[in-house]
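Here come two complexes built around subunit A, the first alongside subunit B, the second alongside subunit C.
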Partner chain A sequence: MRPYLAVARGSTLVSMVYRFGFLAAVLGNVVYLAVAFYLWKAVYGDADTIRGLTFDQTYLYVALGSTLFIVLKTYIDWSLSHEIREGIVAIYLIKPIDFQLYMLASSVGFFLLSVVTVTVPTVLLITLVFGVSLPVSPALALFPLSLLLAFIINFCFDYGVGLSGFYTESIWGISTVKDTLVLVLSGALIPIQFFPDMIRDTLIWLPFQAVYYTPLSLITLPEEGWEHVVRLGVQAGWAVILLAAGRVFYHQAVKVLRIAGG
Partner chain B sequence: MAVRSPAEYLRLYFLIEAQYIKARLQYRADFMISSVGMVFSSLATLGVFAVLFNSINELAGWSFMEMVFIYAFYMIAISPMQILFDQFWWLRFDVQQGTFLKYYFRPLNMMFYYVSERFDIKGLTQLVLGIGLLIYSSVQLGLDWTPGRVGILILTVLSASLVQISLVVTAACSAFWIVNSWPVLSLAWKMREFAPYPMTIFSGLMRITFTYILPIGFVAFFPSQLFLRPGSVSSLVYAAPFVGLGLFAITYRVWTHGVNAYTGTGS
Partner chain C sequence: MSLIHIDGLSKHFKVLNRREGLGGAFRDLFSRDYSTVKAVDGISFDIEPGEIVGYIGPNGAGKSTTIKMMTGILKPTDGTILVNGKAPYDNRIHQAMVMGVVFGQRTQLWWDLPVIESFKILKEIYKVDQKTFDEHMALFNELVDLSALYSRQVRTLSLGQRMLCDITASFLHNPPVVFLDEPTIGLDVSIKAKIRSVIEELNRTRDTTIILTTHDLGDVEALCRRIIIIDEGKILYDGGIDKVTELFGAYRTLKVQIEDFSEATLEAARDSLDHRFGPDQGITVACREEFWTNITIDQARTPLSEVLNHVLASFPVNDVRIVEISMENVVRRIYDGALQ
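The block that comes next holds the complex of A and B.
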């Protein structure tokens, strides 16, 4: 475990170097929070609830969703495919480490740092400027666990796309498709309740919703009980399945690696 | 600097891009995958609109099909930035590594030379998709297209494209002074996402910002009104065909200043 902790600590320090890029992401998110506020105000109009959700619930959901997007982004897909293309990946192959764990550890620092630096100001903004209150319920206690599982699942998506760099020169297309699928099907841009019933009933079993819908509903649907536990179970299941799938993919993909000197 | 006629530049542009595209076509699979990515990212917001209108009938007085029209206009308007000016994403690296210096040594307009370095083929997917959606929504809405209206459409699309190009290129040019322009650039790039929303939903500071300061309202919403509601538009909308030119003139000045101020980073 010790080597991985060292990697995680190192990655936290490295991510502090990119603080201006980080600041821009936070600033962009603040503008998005304002746009979303007006957009959903216009959507709600005079309606008290749409699809069983109040404006406050929906706005809180969407606002925290876009914030989670920044927090959960690992950029492993870009860095890993870059390292494969440049042959840098060879360094990892000769080290006595587990590659997947190493990658996970190297993105956990950025994650932990952004949980604090992005989430805290966002929550303050939502509650103080936009006047939307954060409901406190027992379900909130499960949030850290659910957030961690969401991070692992999202890591698996990014890791899988990064590994595809073993097969293709540029991952722009694959990464864009992944980002879009996750954002739309996870209910990050629009709560899953808004989808037509049949699509919604399918989406809740897919891994995408486990990234945003599961942790966010712990906050926005405080009145639910067992439903949370079921969703957490589904989430944990997908985390295990995707971690295992990532290991299989890695062992297949690494076989095609050819490094031409350098 | 040698003065060349626009026709000469156009001929040069085709010559350069023909070579560029030939080289790119070696990576056919990459083009296919990137195009699929482009389709996905283009249609994501539209998908959200579709889901949203499953629960509501109108958004600030605009129907779903009208939103599709505005979105199609938006897709067409942001395409020239993607297809023709994509090289500006690399400006920060060229400035940092000193590779930008080579652009000083050709008897060509520097911005032309810089822009000609890249032709983003996958952006054509977005353009074609946008045109298709514009035609589809026009038919569905029963819009009346006279030759005069088509002329205004071309003019307003060009103007809207220049708005998008100006915002992103100006942001990219900050590299001349701060080198790593990524934070500024990504922020400017994110702003475009808010262009297809009806600007009437915003109030106060937001509305002023999106109309006058970062005028993304002119990328899609204001010009679209000329076709969707020609009878009831605010006088501001008539500025739409001309805002782009003014903004681009400012951007060109920023670029010229940057080019003259740049001395290399020592690497």
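The block that comes next holds the complex of A and C.
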């Protein structure tokens, strides 16, 4: 485990080098939060609730969703495919390390740091400027665990797309499709309650909602009880399945390099 | 037992023959026409512990492919390869512990972090204990004044400084074998000398086996007692360096730019040199790039200074350069039977 802790520590240090990147992300998010505030205000109009959600609940969900989007982004899909194309990946293959764990450890730094540097200013902004209250409930205690699982699942998506760099020169198309699928089907753009019932009931069992809807609902739906536990179970299940799938995919993909040459 | 044992090793790649133009690219989508490239074609050699072996050859000769097979990145098409008694591609993680690798074109250091952080990460990756780590860092410090670079970000280092860090980093876990792939590429003369002395020192104090691939015959002359020359996937020469040094050490190429250059000038130069020094005196005249007349001279038979004086006296010369014989030239001369 120690090698990966050292790598995670290193990746945290790298993230600190790019502190202006964080600043830019936070500022961009502020603009989005303001737009979303007035957009959803207009959607609600005089209505108290839509699909059982109050304005505060929906806005909190959408605002935290866009924040999570920044926090969870690993950029592994882009960096990995670039490293494969340029042959830099050889550097990892000559090291006594597990490739997937190494990649996970090297993305965890940005995640840990941005949880603090992006989330804190956002929550302050939402509560102090827009006056939306953050409900405190026992469910909140599960949030850190759920957020970590969300990070692992999102990492698996990015890792898989990055590995496709072994087969194709450009992952631009694949990465765009992945981003769109995750954003829409995960309920990051629009809460899952707003989808038609049939679609919603299907989405609940897919890995996408485990990235945004599961952790966010712990905050925005404090009144739910065992539903949270079920969703957390689904989330943990997907994390295990996708990590395993990533390992299988890696062993297949790396053969392309090892047999056909780099 | 030898540290590296290679027997009948081959690596073949299938490459797509692309057709020309838009229509050709379109046809490539449907019918694919592959041909096999034999990057490494049945090579065999053994390397003993503590040797520094120069593994050299022109571009595309199969050097890197062999290194990639020895380091377990590529799977051989055929043949046996054992490093420290084990096949590298089947035991990748285990084998990685017993070898150090430097790819001259890439760095294994963390680009954005201070140098010392990369060493700390490598310490954990290779499970080096604190005491050994401190000892090694003290040694590296003595060799290259590493501590002066500790707090510098890797990306702010010069290419030479980065290479020194990369080389010492590859020795951190004290592996029995280190592969150095083009460690002096793109570096100036003084830093090359520094790098050579560091490699020599590490080999001497640790008894580390070093496989060195390079384009620079100076590296080989300075470091290796044995060289293996490979071309088109086959071994051309494997043996002591003395014979080869004799061969390329004696040759220099005198490049002159003669005013109003034409085919006739080349002919005139050839005749004039023949007339002055006589035939079979180890002088060849050729034109490899426009406006330059290349005169290759075997200094064992004709002193370069005399040829230079003669050329300057006989022709209106604009520019002169003296270059060491190139890798390609050495290989050509070996084909021509120079080592027999």
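We take it that the second predicted complex is superposed on the first by the 257 of 262 C-alpha atoms of A that agree within 3 Å, B and C clash if a C-alpha of one lies under 4 Å from a C-alpha of the other, contacts with A are read in each partner's own complex, and residues count from 1 in each chain.
Here is the rule we use: contacts are C-beta pairs under 8 Å (C-beta built on N, C-alpha and C of every residue); 3 or more make two chains touch, one makes a residue touch a chain.
Note that the coordinates shown come from a computational prediction; the quantities given were computed from them, not determined experimentally.
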| query | Between subunit B and subunit C, which makes contact with more of the residues in subunit A? | reply | B
| said: Which partner chains sit in contact with A:A24 here, subunit B, subunit C, both or neither? Use first/second/both/neither. | reply: first
| query | Counting only touches as set out at the top, which of subunit B and subunit C does A:I97 meet: first, second, both, neither? | reply | second
| message | On the A-aligned overlay, A:R51 touches which partner chain: subunit B = first, subunit C = second, or both, or neither? | response | first
| request: Under the touch definition given earlier, write down the residues of subunit C that touch subunit A in their complex. | output: 11, 13-14, 39, 65, 68, 71-75, 89, 92-94, 96-97, 99, 101, 103, 106-108, 110, 112-113, 117-118, 120-121, 123-127, 153
| Complex contacts: residues of subunit B adjacent to subunit A | 27, 29-30, 32-38, 40-41, 44, 47-48, 51-52, 54-56, 59-60, 122, 180, 182-184, 186-187, 190-191, 193-194, 197-198, 201-203, 206
| Footprint of subunit C on subunit A - complex, ascending | 2-3, 5-7, 9-10, 13-14, 17-18, 87-88, 90-91, 93-98, 257-262
| request: Write out the stretch or stretches of subunit A touching subunit B in their complex. | output: 20-21, 23-25, 27-28, 31-32, 34-35, 38-39, 41-43, 45, 50-51, 168-170, 172-177, 179-181, 183-184, 189-190, 194-196
